[in-house]
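Listed next: structures, encoded as structure tokens.
After this come two complexes, each holding subunit A, first together with subunit B and then together with subunit C.
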Partner chain A sequence: MSDWPTLPGGSWSNGHSHLPSPSPEPAAADADADADADELALDAERADAVTLLVRAWTGERCAPDVRAFEGELVGRIMGYLDAQAKLIGVLKVDGASEEDHEKIGLVQMEMDRVGWLLRSYIATRQEKLIRYAPYINATPAMQTRLSVAEQTLVESYQQIFEESLIRDVVGNLPEELQALDEVLPDGRSMVSQPDLDKAVFIRAKQDCGPVLMPDGSSLEIKKRGIHLISYRVVEQLVLRGEVELT
Partner chain B sequence: MALPANLMRSPLPAELEFIALQQTDILIRPHFSMGKIRLLSGSYGPFRATANIEVPLWVGKYMKQQGKCSLIPPVWLSVEWLEEKLRQEISRPEEFAPLPFRFAEIAKVFLDIAADDVPSPERVRSLLKDLREVRQAKTRKGLALLDEMELRMTGLGSMEINELRPFLTRAMGVMRVLASEPEVPASTADNTFVTSMDDGW
Partner chain C sequence: MSTDPSQALLLECRRSAQTVTLLPYNAAVVTTLIRQIHTIHAHLVQSLRSAAIPGDEVGPTPTPPPAVMFTSTHHHLQIRRLKRVLLVYHSHRLNMLRGMLHRAHLSVTHLLPSIRPLLSPSELTFIRSYAQISMSYRAEFIDVLDIAASVDEPPKGMWVNVRVVKEVGEVITEGGVVDFRKGGRYLVRRGDVEMLLVQGYLEVVD
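After this line comes the complex of A and B, so read on.
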């Protein structure tokens, strides 16, 4: 066989074909053609689903707080993986030619690679979710960034953690020492929060307007510029995709 | 499983290499023929023996390791290009010569698995090392400019950034605490009791 056929959608699909078409995917191309052109000029990167996942992974790994879950993207990629796995199954049953073996090898290797990226992306989020569980549970704005499964995780984690803490430690202390959300006079809190002022490395994908610095001065961020800067200052640029965490 | 805390500080070099393998397209010269193949990152082929074709670096690495193709090094991975950049790097002490963002990762893959496809690989290797040393010296000088607000590092590669990341983010955090008003000691900082213990400096 000379080409991979497309399979009908699995549970994650929305009815469109799963396997990427030869040209860049139509869905990705119409979104912001300008940004894509810039991207090409900058580092000749593609705009396919795996590239988007790489970006999500890098962003999550570098950002001090929990970013919005890329549910649509993750679903789409799970759909692709599903379809490719089925295809390999079919090919193996039918008895594959030598050429098909070569293709199966490549497809399996890509599935392993993408699977690793997905797991690492989710694991990175989980580390932050567990670290900041009490803060997230107390902050509705943070919860909107989580998937349903992640919300369940954060809630049950905090519940189990506090039960155990109270049973084994805090419950045996005098009552005035039992709080789990105390703020010390020096400003330290028992509820840890993401440090939004943490310095991050950014790489500008385009010229950005002047950015207001905490001391009132302004900073010009030029295309291709790489800066070490407080996350809080550039958070909006990151969300708009004008700069990338790196 | 949540990611181990030590990996949260900075990606590993191996992880950056993984990303470079994924995101870089290179030319290969196949030693075999194969029809078009559709992968998640795009469609590639048909492959014809001795006709150069563009594929992701990981595909090239996979085929090269099976002896099924030769890799064609990018223009910048050559003695002439690197010598020119080294000259530039030395003659302009104020800025980093523009190299591809992932040059270190890509060069490593080529020299590891396809040294026979790179002309004078030993010279390329030593030029890359020289470049690295000149650039590191610049970085060290640049550290004097570090304050609690911002540091411009345009021209650095992804591997160089990663190398500096743990030290610089930490240093900037400390400078921020020192610069803030003494009666408001870093109230927004990530202050679990646990992390503040191993954060002692």
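After this line comes the complex of A and C, so read on.
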């Protein structure tokens, strides 16, 4: 296997050594510092609303339970879409040149994509909200993660869902059997809950120290480490933003 | 072939999930199962009563004889299973309905004619109220964004090639008036024809 080092893949770890390093870390670990520099540059460049939306969307799609609603971000994106739409309206009326038309087309496409992302974010949440409606309504901690409109949605959904079940099923059963929220002696509940033990991919944004695993052993999560791990183990890290779901 | 009617409901759920179609509401089996539950419940109450020592309700309940324990546990498990089957069947159908409504862009009037004969009366009420609450949720965003539009696939480009399946006539789009004639093919902006696609007037050709 003597030809391995000649592969182009072997060189990318120190390929950017000529770049000045804005990283506060000592330059001793030069490959590491370079990667950090790249990442910092990327992060600074991409802290705009759309990137944040992409992150929120990825997180929402990967997390087994409902995450906090990014109200402020959604507001910003909506404002952005609205402003762009108005701008395009004005430009079109003013009779734009050929070149402008091309640009308008690009902007519209960008808007379509951002709009899709936002719709998908909302739809993902909506699906989870509805699936776990009885659980969310019974758990105040979950309700604080929802927007006002979402809370209304969850409450009214549970109401119509149970109404339907009562009319077709439990309303016709003997009185002792009418409950819809029983917990069986073996611990299973009629109310379905998010499966927090679901495996998720995480990417550490910083060193997180050792994490206690369910079997008692501990796992060191290093910066930029990627792990496939049970959500319950890293839930707090995710909430604190030290790792992100990918 | 199983003679257990609850099995029939589970089988229906499975088939409907695999083929993504809504099957007709099986009122006959549902009624049978509810009756079964009532019968078993009556047996259960009966056997427990016969085992209880009369006039001794305040004191600690003695363990009933093994025969009674056995029958009552058996009855209890049976009831629990039947109830669960019923709930699974119904919530599966409600979820299915929800999905169909979303695919029809929350338009009940568009969805109902095709599926009405398949629903139980309470399912009909459910889907109407669901459309209503979804509409009011959608109203939060409608000024800028229509969240009822499909999210199955991210937009690949602005333009889409469509074929006219049902005669539409003239439609005013952002780019001008388009006359959709049956069988014709047009290159149009996706946003302009989204609704026509859902309603089945047009179909995407690639």
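Definition applied: the second predicted complex is superposed on the first by the 201 of 246 C-alpha atoms of A that agree within 3 Å, B and C clash if a C-alpha of one lies under 4 Å from a C-alpha of the other, contacts with A are read in each partner's own complex, and residues count from 1 in each chain.
Please note the rule applied: contacts are C-beta pairs under 8 Å (C-beta built on N, C-alpha and C of every residue); 3 or more make two chains touch, one makes a residue touch a chain.
Predicted model only: the values in this text are computed from it and were never measured.
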item	value
First (subunit B), second (subunit C), both or neither touched by A:R113	both
Touching partner for A:S164 - first (subunit B), second (subunit C), both, neither	second
Contacts of A:H101 with subunit B and subunit C, given as first, second, both or neither	neither
Dominant toucher of subunit A (residue count), subunit B or subunit C	B
Which of subunit B and subunit C A:I130 touches, first, second, both or neither	both
Subunit B versus subunit C as contact partner of A:M78, first or second or both or neither	second
A:R240 touches, of subunit B and subunit C: first, second, both or neither?	neither
Overlapping contact positions on subunit A, where the subunit C interface meets the subunit B interface	81, 105, 109, 113, 116-117, 120, 123, 126, 130, 190
In the complex with subunit B, residue positions of subunit A that touch it	1-4, 19-22, 24, 43-46, 48-51, 54, 57-58, 61, 64, 77, 80-81, 84, 99, 102-103, 105-107, 109-110, 113-114, 116-117, 120, 123-124, 126-131, 186-190, 192-201, 203, 213-215, 219, 222, 224-230, 233, 246
Residues on subunit A engaged by subunit C in the complex (per definition of touch)	78, 81-82, 85, 105, 108-109, 112-113, 115-120, 122-123, 126, 130, 149-150, 152-153, 156-157, 160-161, 163-165, 167-170, 172-174, 176-177, 180, 184, 190
Subunit C residues within the subunit A interface of the complex	30, 34, 37-38, 41, 79-80, 83, 86-87, 90-91, 94, 98, 120-123, 125-126, 129-130, 133-134, 136-137, 140-141, 143-147, 149, 151, 154-155, 157-158, 190-191
Complex contacts: residues of subunit B adjacent to subunit A	1-5, 8, 11, 15, 18-19, 22-23, 25, 32, 34-43, 46, 58-59, 62, 68, 100-101, 149-156, 158, 161, 165, 168-169, 172-173, 176, 184-193, 195-196
